[in-house]
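There are two complexes below, and they share chain A, which is joined by chain B in the first and by chain C in the second.
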Partner chain A sequence: MSKPNIQLDSHGRLKHFLTIDGLKREMLTEILDTAESFTGVSERVVKKVPLLRGKTICNLFFENSTRTRTTFEVAAKRLSADVLNLNVGASSTTKGETLLDTLRNLEAMHVDMFVIRHSDSGAAHFFASYAAPHISVINAGDGQHAHPTQAMLDMFTIRRHKGEFTGLRVAIVGDILHSRVARSQILALNTLGTSEVRVIAPRTLLPADPRSLGVHVFHDLEEGIRDVDVVIMLRLQKERMTGALLPSEHEYFQLYGLTEKRLKAAKPDAIVMHPGPINRGVEMDSQVADGPRSVILQQVSFGIAVRMAVMSMTMGTQAQGAAAR
Partner chain B sequence: MNDDKIYMQAEAIDGLIGEMVQAIKTRLEVQQARDPVMIGIHTGGVWLAERLHKLLAIKQPLGTLDISFYRDDFTRIGMNPKVKPSQIPFEVEDRHIILVDDVLQTGRTIRAAMNEIFDYGRPASILLATLVERSGRELPIQPSVVGVRPPLTHEQQITLTGPDPLNLIIGTSKQETRGTS
Partner chain C sequence: MSGMKNSIQILGGRLIDPANGIDAIRDIYIQNGRVLAIGERPDDFTAQHTIDAAGLIVCPGLVDLSARMREPGQEHITTIASETAVAARSGITTLCCPPDTDPVIDSPAVVTLLLRRAKRAARARVLPIGAMTQQLAGEHLSEMVALKRAGCVAMSNAYAPLANTLVERRALEYAATFGITAILRPEDRHLRNNGYAHEGPVSARLGLPGIPEAAESVAVARDLALAEHTGCRIHFHLLSSGTAARMIEQAQQQRLQVSANVAAHQLHLTEMDIEEFNSNCHLNPPLRSLADRDALRLALAKGVIGAICSDHQPLKADAKEAPFPSTATGMAGLQTLLPLTLKLVDEGVLGLSEAIARITCGPADILDLPYGRLTPGSSADLCLFDPNRHWELKRDELPSAGRNTPFIGWEFQGQVTHTLFEGRIVYQSASSNQTASSL
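Let's look at the complex of A and B:
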C-alpha cells in the first residue's frame, strides 16, 4: 500500500489541490475537461453559476500577488461563493503555531475553503493537514515547492492550442532552480504524456540534478528551443540578481531573452507562454510578448476557468460530510 | 443491471418523434411563436433534440445545456466528472425556446435548465418537449409535448440510450446513481 495522498478523499476524489505530485493523468484530464465547461460562463450575460452559493472562500495571501489573487477571486465569485481576501504580511507571522492560530480563527468564521499563498514550502500542506475535515485547501503557491493551478492553466492553454500532449516538445526557459511554477509544470507535462520536456537555463539557475525531473537540459536558448511546439518563459525574480546567481538583467537578456529572431528556431506554429507579470526586455522583448504567437493573455482568461474547475471539484467532495439524503 | 429490458426500439421511437414534431408545430401555431429556437439537455435530450431540430427545420443552430452547474444536489453528490460545455449559439432574449429532454421524472433537471437559460437572457417563452413523461414529480413542472407515458413503478428506471440507434431501456437499478430527471 502506498501512503494515502492527502489531496484525495476516501473515494479518490480531489479534496485539496496542493501539488501535481501524486495525481494521476486521469485526474489532471478531469480538471482540464471541467475547466473547458467553465470557459463559457465568463462569456455569458450573467457571468455566474450558482454552484458554490452560500460557501465562503478565504484567499489567504502571505505573499504579494495581484494576478493570482484576482483570478482566484473572480473564479470564486463566478461560482457564486462569498470571498474573503486576507493579505497577511509574511513578516507579521512566525511559522507553525501562529499559522495554526490563523487557521483556527478563520475556521471559527465558518470558512469552507482556503486559497493559500505562502513563502514557505509546505504551508498549504500544513493547512490541509490541520484544517477541519469539511474544509478544502488550494495551494496558490508555496515557497519554491508548487503552484499547481498555474501549471494546470498552462496545460489548459497548451491543450487548447495543440490538442494532445503526446508528440509535443515543450521548453521551459529561465530560473528553474527557484521556480515553483516550473516544478509544477514539469510534473504536469510529464504526467500528461508530453513527448519531450526541455529546460533551458544557466547552470546557476538549475537544480543539482535536473535530469531527475524528467527533462532534457540545455544551456543555450536557440539550441534548446529548436523545433519546440511550446516555449514557456519563466519570470526572473529580481532578487536573484543580488544573490550573485546572475550578472545583470542586460546580460540575462543577451543570453536568455526571447526575441523574434531567436524564436525562428522553434516550430513555425509554436506558442509563447509566460505566467506574468512579464519583465519586458528581460525575459522577452515586447515584439514577442505582444506578437501573434504570444498566448499570455489567454493564459489569464483560462486561469479563471481552471480555478473554477478546481474549486468546484474540491468543494464537491464536501458532499460526503453532508447529512444523509 | 442484468434485468434491463428494452421498452421501445429505434423504429417505434422514430414514430414518437414524428408525432412530437406535429404536436410542437401545433403548439407553436397556437402560441403564435415565430422563429423558435431549440435547446437540448445533455445527454439524451441532445440526441432527441438533434432529430427534432432537423425535422422542424429550425433555422438557428441547436443549443445544448449541461445543467451540472445548476444542479440542486451538488452539496450531496459533488461535481459531475463528465460535465460538458453548454452552448447556446443564439441570443436567448425574447426568443421562443423549445426545451428538449429525454425523460421527465422529478422535474429538477428542468428547473435547473430554466435557471441556466435565464442566465443567458429573458426568453419570450419556453415550451417543454420530452420523449418520456413518467411518475415521480417533485416540482410543479409540466411538459408541453410528450412522446410516451409508460406506467412505471417507483423502482423502475427508464433510460434513453444512443445516440444511434435510440432505445428506451427499463431497468430496476437501485437508487445509487439516481439522476434528477
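Let's look at the complex of A and C:
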C-alpha cells in the first residue's frame, strides 16, 4: 500500500518540506545545488533576490528558538518575501485556541508559507494536511521527529568539505533518542549514499531498535569515531539527568565528551560538527569546538542558503525555474 | 409498530448459538421478551410478527465488555440514548460501561442513574462496571458490595491502574470476599512514561515517545502474582502484547481464575498504521507489532482470550484534529465490532461459531451474565445478519462523534439486518423491510 508523499505535488516537485523520509537522492541533491547557487547572495552589496517578492511567509514558533527563527527570517528576507514572526507559545494557544483555529486565522491573512516549529512530533504534517492547497509548510523542528533544514545544512557543510558522500564514514554522538536533528541527519546521510552512518551513545539515549534507522551502533566513543570522516556531536539537554537517563554531566563528558585526544582516533582530516548551541565541557572541549577541525560556525552561515533553497523550491514551484537558474 | 409485538417468530435462518453448540437451520419463537422455543413451534404459539431469516445468520445479541457512552458527564459528546441506538444498529444488545464517567461510578446513585437512563432509551442493556477505588484515585476502596447490589457487574479502575500494590492487594482481597470479578487494564504507569505509540521501529522513526511492551507485561506479572495470592477472579482488559497473552495462558494452565479480552481493532491494526501520524490510530493501549497482533490472534483462537470488545470511545469531532501527541486516544468501535470479528473468520483465525462465541457467550461467561445465549427462557436478545452482504464503512453515515475510527473506507462482509432486544425489534435495516411481513 503506497500512499502519495504529502510533501510532493502532482508533478513530483517539492511542495512542503516536512521530513527527509520518502525523498529521493535527486531531490536532496537539488536542494544542495540550489543552496550552492544562493551562497553568493549573502556576499553581494545588495543581499537580495526578488524570487519571493509579494509572498508572505509566517514564522510560527511554538517553541522558543532565536537562532533557527532568525536564519529562517534572514533567508525569507533575502528572497524578498514579507515575513510575519509569531511567537505563538505566548499568545493564542494559551487562550485555549486550537492549533487548527490558529491555522485557519492565519490563512485568512493570506499567508503563502508557514515555517513551523512545535513540540509535538507530527505537527508539521498536521499543518500540511489541513492547510489550504496553495500554502507550503516547512518544518523547522517538530517534537523528536524531524528537523530537515538543519539536516540539509549539515549535508551542505559535509559536501563542501568532503565532496561526495559515497565513501564517507560519519559518526553521530549523543542523545539520539530525543533528537529530531539526528533522525533527519541519519535519513539524509543514508539517502545521499554515505558508506557508513554510526551512532555512539549509551543505551538510555538510543531508541529501542536503533539499527532499524539504518545505523551501526557503538557505545564506546573512541571505538565509534575510529577512522570516521565526520563527527557530529549532539546537544545534551539538562533534563536528561532528571529523567534517570544519565547519572551526571561529569560522567557523560568522561565517556562521550569529545577532546583533542579522543579526536585522534578519527581520520586526520575529519571535521567536527554540532547543531548548536554547544554545552562546552559537556559534549565537547572548548579546544575542539574552537579548533581547526570545527566547522560549527560555517554550519550557521550555510543554514541561510539552505533555507533559501528550500523556501524557493517549495513555494516558487513556478517562479523558481526562471529566477534560480 | 412492529417493535411492540410480543410474539415473534424468526423462520428459516441459520442459528449459531455457540453456548448451546448449535449451528443449524432452526426456527426461533419469542414471547414476552424471552426465547420460548427453538426448532419446533409450541402448540399454543401464535406469532404476531414473522421475520423471514432465510439466508441470514441468527445469533445471540452481542455482548460488549467495554463501551463508553459519555453519560453522565459528557452528554455534549454522546448519550446513552445515542450510543445504545448505534449499538442496536451494530447487533449489540449488552454494553458494559467502564466507571470513568463524571461523576465516577463509585456510588450506588450513579449506578441507578445510569440504569434508569438506559431503561428509558430501551435499545440495549447497559451494565455498569463499578470503580474499584473512590474517585478511581487508587487510595480508598469503593463500596464494592453496595455497587454490586445496585447493579454493577464487576469492578475496575478503568485507565488508572492501581499504582500502590498494597491497595491493589486489599482491593482484590475485598472483591474476592464477595465474589466480585476485578477487571484490570494492565499497565505500569512509570514504564508508559509519556509514550504515545508502541516502542519499536515506527515510533523510533516518527520520533514519538514509545510505550514499551514491558509496560504491559510488568503489570500482568504483578497482577497475576496478586491474583494467586488473593484468589480473586481477575479479568485482563485490552491486551496488546504477545508476551502478556503468553503469561496469561500459563496462569490459566495453572488453574488461576484469569480471563482476558482484546479490542477488535487490536486484532487487525499494527504500529504500521500510525504512519503519516494517523491520529485515528492514537489508541490506548497502543497498536503494537505484527508479531504481537499475530500472538493475540493465536491466543484468541486458543481461547486464552475469551472475548473481543469494541472499547468504544466516541469523541468530539475535533478531538483528533491536532498533531498526533495532542490528540485524544480512543476510537468509536461499536459499528465495527461484528464486522472486524467476522473478518477474522475470512482470514482463517477462527471458525464462524468460535468467532461469534467471542462476542456473545465468551464475554457473558467472563462476568457470569445470563446473556449471549439463546436457551429457552433466556432474554430474547438477537442479532441477525446477512453474511454475504458487502458494505463499506462511510464517514458520512457515521454520527459526528463516531467518526474517530481508522476503518473508514474499509470494506466488510456481513451486515446486520435486525436486532432484537428483550423480544423487541430495536433495529431493522432499510433493505430488510420488504422481507419482513406481519401475519
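As a convention for this text, the second predicted complex is superposed on the first by the 309 of 325 C-alpha atoms of A that agree within 3 Å, B and C clash if a C-alpha of one lies under 4 Å from a C-alpha of the other, contacts with A are read in each partner's own complex, and residues count from 1 in each chain.
Basically, a contact is a pair of C-beta atoms (placed from the backbone, for glycine too) under 8 Å apart; a residue touches a chain by one contact, two chains touch by 3 or more.
Just so it is clear, the model here is predicted, and its values are computed rather than measured.
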Touched partner set for A:Val41, first chain B, second chain C, both or neither: first
Chain B versus chain C as contact partner of A:Ser312, first or second or both or neither: first
First (chain B), second (chain C), both or neither touched by A:Pro50: first
Partner chain(s) touched by A:Asp21 [first = chain B, second = chain C, both, neither]: second
Touched partner set for A:Thr204, first chain B, second chain C, both or neither: neither
Partner chain in contact with A:Asp33 - chain B first, chain C second, else both or neither: first
Sites on chain C touched by chain A in the complex: 196, 199-201, 203-210, 212, 275-277, 318, 321-326
Residues of chain A touching chain C in the complex: 3, 6, 21, 98-100, 118, 120-123, 125-126, 130, 142-146, 180, 183, 207-210, 212-213
Chain B - residues contacting chain A, complex: 66, 68-70, 74-79, 81-87, 115-116, 118-121
Touch list for chain A against partner chain B, complex: 13, 30, 33-34, 36-41, 44-46, 48-51, 312-313, 315-319, 322, 325
